[in-house]
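First chain A sits with chain B, and in the next complex the same chain sits with chain C.
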Partner chain A sequence: MTQAFAATGAAPARKPAGIFLSAGSLIGPATIIVAIGLVFPVLILFRYSLNRFEPRVMMVEAFSLENYAKFFSDSYYIDIFLTTLRVSLICTIICLILGFPLAYVLARTQTRFKNLLIMLVVLPLFVGNAVRAAGWMTLFGSKGFLNSTLMGLGVIETPMQIMFTEQAVIIGIIAVNLPFMVLTLQSVIEGIERNVEEAAFSLGAPPATMFWRILWPLALPGIIAGTILTFILGMNAYATPVLLGGPQFKMMGPLVFGQFQLNNWPFGAAVSYILMVSTLVLTASANILMQRRYRR
Partner chain B sequence: MAMTGTFGSRRLGRWLLRGAAGFTMLYILTPLIFVIWLSFFRQEIPSFPPDGYSLRWYGELAGNERFVSGFVLSLELGVIATAIGLAVGVPAALCLSRFRFRGREGLNNLLLLPLMVPGIVLGMALYVAHVEVEIATGLPILGSLGGLVAGHVLVVIPWTVRLVTASLAGFDRTLEEAAQNLGANRWTTFRRITLPSILPGIVAAAMFGFVSSFGNLEMSMFLVGPGRTTLPIAILQYLEWKIDPTIAAVSVIQILLIGAAMLITDRFVKISRVV
Partner chain C sequence: MARLELDQVSKQYGDFHAVRGVTLDVADGEFLVLLGPSGCGKTTTLRMIAGFIEPTGGAIRLGGQDVTQLPPWKRNAGLVFQSYALFPHLTVNQNVAFGLEMRKVPSAEIAPRTAEALRLVQLEHLGDRLPRQLSGGQQQRVALARALVFHPDVLLLDEPLSNLDAKLRQEVRLEIRELQRKLGLTTVMVTHDQEEALTMADRLVVMSEGEVRQVGTQRDLYERPSDRFVAGFVGRSSFLEGHVEAPGLFRTAGGLALGCDGQGGGQGGGQGSLALRPERISISPAPLTELDTTLEGTVEFVSYLGALIDIHVRISPEERVVAQIANRAGGFMPDIGNRVHVGWSSADARVFPGRAPTS
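Right, the complex of A and B next:
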């Protein structure tokens, strides 16, 4: 255990004991923090989801699945779940279609602006979802840029209602998730040799054929990874649906926080688990399906 | 004929590709462009075209108690969480890339887990854990600054582990052996050989860790106690109420800060190689 760098097998003659720490003490603190700070709370959360909520005393110890049953027997909650699923799927597909060309250009570009372009993709990612929602609010409001411009041009007479619609939420989530898709695809495309594309072209393949027969299958690991990542982010979206969808529009993320604010921890815990497990099952099965379909 | 046809369609394809890439780039940047534009409006209501331009919203920010205290708290949290996250994350990354032992893959996944668990679920889980620990020990953890810091450390660790491990992936270990053969002790070897090669990874980890802590919204919502707000929470709560140049100016400050952090990091390690 006490042979940290001696594991390299070098210089056995020099072993100043105790200067370097063992493997266990190197990785121990981080492991303990994550185990206590994450694994333990996530397990407690599951235990809470089996408890019962009583309006006056807040929570009663119980051991039942009634919170889960409540969710799946009430069309109000099922609708929220289906909306979340629909929005995430639409966003994921559009992200893939929009993200691929930019990822390809970023991967293949030789200019010195490449780093700058990548920073421009990363910057919005770090700025936070609420700030970006503010940008869309400026654009979509009833007196916003879009309505003012269209009314100024005489295209429409009265302002369109864009804010607080599902469309606004979808547009917002796509913008939030695009950088993740682009960066994931870009790193995979960079690993594909330019030569294989040239080979296809020199054999007379038109770009579309080259794309479907060469680029798509070779980039598939990145496509799967990017799709799964954007889908998960869509399922868990919080700030964008709250700000662009308004109080009437509900997705799973805001539902969890809403239950927390109502002090209904057991139901909030159950909704958390339904969200987490359903996302996990869907992404895992999509992954298996894609792998099987494209295995050659 | 076939050749020219292919060349023609290739050129057309290239222009379509560039057009599509440009559109996506514009899409990603559109919200930021509008936030920046709005922050310079003279009138308070975001209507177009603006009546005129003014810098007064920036001037008034300094007097806005809520945003100033939110900004200070987020900054403190980011710095403390990053420092602790690096202190435990860098050794863990060294261990993961140095040793081959059973359960190594599992430990690696465990340390990356905080990035996988949705922020909203993580926040809820931490909250109920704080409830339980407070009941068990009687310590005032619920809504405490310590609880908030611990949550943020959790966010920093996976970035550190991932980026420092990645920076060690291409490291030639014979260099360390050479140094030791030449008489360097292990501390000198670490300081002169190992540290310089993982430094870009550490800088990148510090940047990504700080930024993800600074911008953390979902988890923090559950953990801030009464009377305490981080900047992202203050921004969200304000936007739930209204949109005006004040909030746009706050956002621009955040964009500038993060942009500056990225540019500084880029001097040490190319952003395009670590994301």
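Right, the complex of A and C next:
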């Protein structure tokens, strides 16, 4: 009796434990998955990247930056990095140019088929990258459907080289990334009042002026989010460059995997860190620049 | 400022006629209000004037120039939206300056003209704020200043007061009207609020189902409504269905013989409605003598509105009328169930031909 009294006296404002328990149990699993699935591997990978590779014993404990030095002193790797950067940038810009009008139409349409249209945009994501790329190989390969049809019709004499080019990879990555861009932009444009555009028109702004002065700055959060998403996806693309780019075409994603395949974990880890850090630095600085440019 | 003319303007969506043959002539400096229930085509008409909707027929002239085919950015019309539609990423000053920048006004002139427009709406001290930092009433004024600053040929107001609370709405009505008069702005306003329309307009246009039902001053619409719809929409009326039996004599469906305005329509035994304004119906506990029509009835319902009292009186098993009396000290104040006498002069009982709408 006295004990119970003392206990209630000591913590009179205590809330039922159940609330904390349930909140904790809701965010707990996600936290654990992020910790185990992302934080630990990233930390371990960083440690590995400082180790040394010996062909026979594979990994030797060390604290050196020689893996990083190897990457930046070899034009072969620098070229791969620059190719990756170029492909990602081109894909991101084209996704933005193609995606904005599409997202705008989706956001502004009054039709009751809107959900169907959104489904059509998402539909390509239902097909895995590898499956799609394989399909393209049968379509665009040197003996593929397109080339054999054109040769059969006598339009061309030698097969066109469509597959295994940088363009093929760029088109492939755009096809994968475009839905992400469109959906991100669409949700932001939907939040912009249609009347605001009409107000600009009524004040004397022709469509292009309205776009740059009103729609673009108001859609900027979506533009930033969409470009970051597609840029990161482009930088880390794996299946598309491997399948559509062929053995001669190199990007960072396949390079990382290749190093692990060769059992050179320290160099693979270093390459992944270079990829990760450069992607983060580029997106962060682009973000800051864009926001500074349009801050009012 | 300029004269605005609409000549047989129509808008058709497939088989649906949103607006049919609307012809209006708004004089330079006139305040015209388009009034009607939702879906009557008033907003479509305004958006055609602004240039957002292309008419399927007819012509729109602004200051004598045919603007029917011009896009909105080439018409010199200032538009205020119901939602204000301020640019959320621009300050008040930048919002107001937008129209001037679009018109390539020299930058040295922009700041003073912006300040002047904001002074007109008494917001000159808030130029550096963003729209979201303003109250609804302030945003409304910024929208007005933004539409006025470039001296538009016509000011278009799309339900500009609907998002304000009742008290503020009354103030802003007067402010807009005073400003409009001071600047001599040709103005077209759209509203479904008849009180707002009556307080602000020089002339009103009552619309229904895409058509203009009547154009006129407040007095024209109230005293001489052209049809049953206007009689019911502008002010209130009690309608009694029936037919005109002889000039000046209306027979209701319930069998009552009532005096009516002999000039009205509905002659020849056709169907018609007798419209009675509540304040034109006399009501008294004692028999009324000097009126053309007098009846006895039972008070069925009393609405106490403060200054006015509505009394619903059943005059036959199927029919009742609403009489309105002023709430005077020691005045007549009937209770539900009381027997009362009602009456009116025939000149106040207008007959409109046609059947009652089935609503």
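We take it that the second predicted complex is superposed on the first by the 252 of 296 C-alpha atoms of A that agree within 3 Å, B and C clash if a C-alpha of one lies under 4 Å from a C-alpha of the other, contacts with A are read in each partner's own complex, and residues count from 1 in each chain.
By our rule, a residue touches a chain if its C-beta (ideal position, glycine included) is under 8 Å from a C-beta of that chain, and two chains touch if they have at least 3 such contacts.
Predicted model only: the values in this text are computed from it and were never measured.
Of the two partner chains, neither chain B nor chain C is touched by A:248. When both complexes are overlaid on chain A, the residue A:214 reaches chain C alone and has no touch with chain B. When the shared chain is aligned, chain B and chain C each come close enough to touch A:204. Within the superposed three-chain model, A:40 lies in touch with chain B and out of touch with chain C [touch as defined at top].
In the superposition on chain A, A:110 makes contact with neither chain B nor chain C.
The partner that reaches more residues of chain A, of the two candidates chain B and chain C, is B.
Contacts of A:27 after superposition on the shared chain: chain B is touched, whereas chain C is not. Across the superposed pair, chain B and chain C both touch chain A at residues 201, 204, 206. Contact residues of chain B toward chain A in the complex are 2, 6, 9-10, 13, 17-18, 20-21, 23-25, 27-35, 37-38, 45-49, 87-89, 91-92, 94-96, 98-99, 101, 107, 110-111, 113-114, 117-122, 124-129, 131-132, 150-151, 153-154, 157, 161, 173, 176-177, 180-181, 185-187, 189-190, 211-212, 215, 217-218, 221-222, 232, 235-236, 239-240, 243, 247-248, 251, 254-255, 258-259, 262-263, 266, 270-272, 275. Residue ranges on chain A touching chain B, taken from their complex, read 4-5, 7-11, 14, 16, 19-21, 23, 25-27, 29-31, 33-35, 37-42, 44-45, 48, 98-99, 101-102, 104-106, 114-115, 117-124, 126-139, 141, 143-145, 148-149, 172, 174-175, 178-179, 182-183, 201, 204, 206-208, 232, 235-236, 238-239, 242-243, 253, 256-257, 260, 265, 268-269, 272, 275-276, 279.
Interface of chain A with chain C (complex): residues 193, 195-196, 198-206, 209-210, 213-214, 217-218, 294, 296.
Listed in rising order, the residues of chain C touching chain A in the complex are 50-52, 71-79, 81, 83, 85-91, 94, 98-99, 102-103, 146-147, 150, 156.
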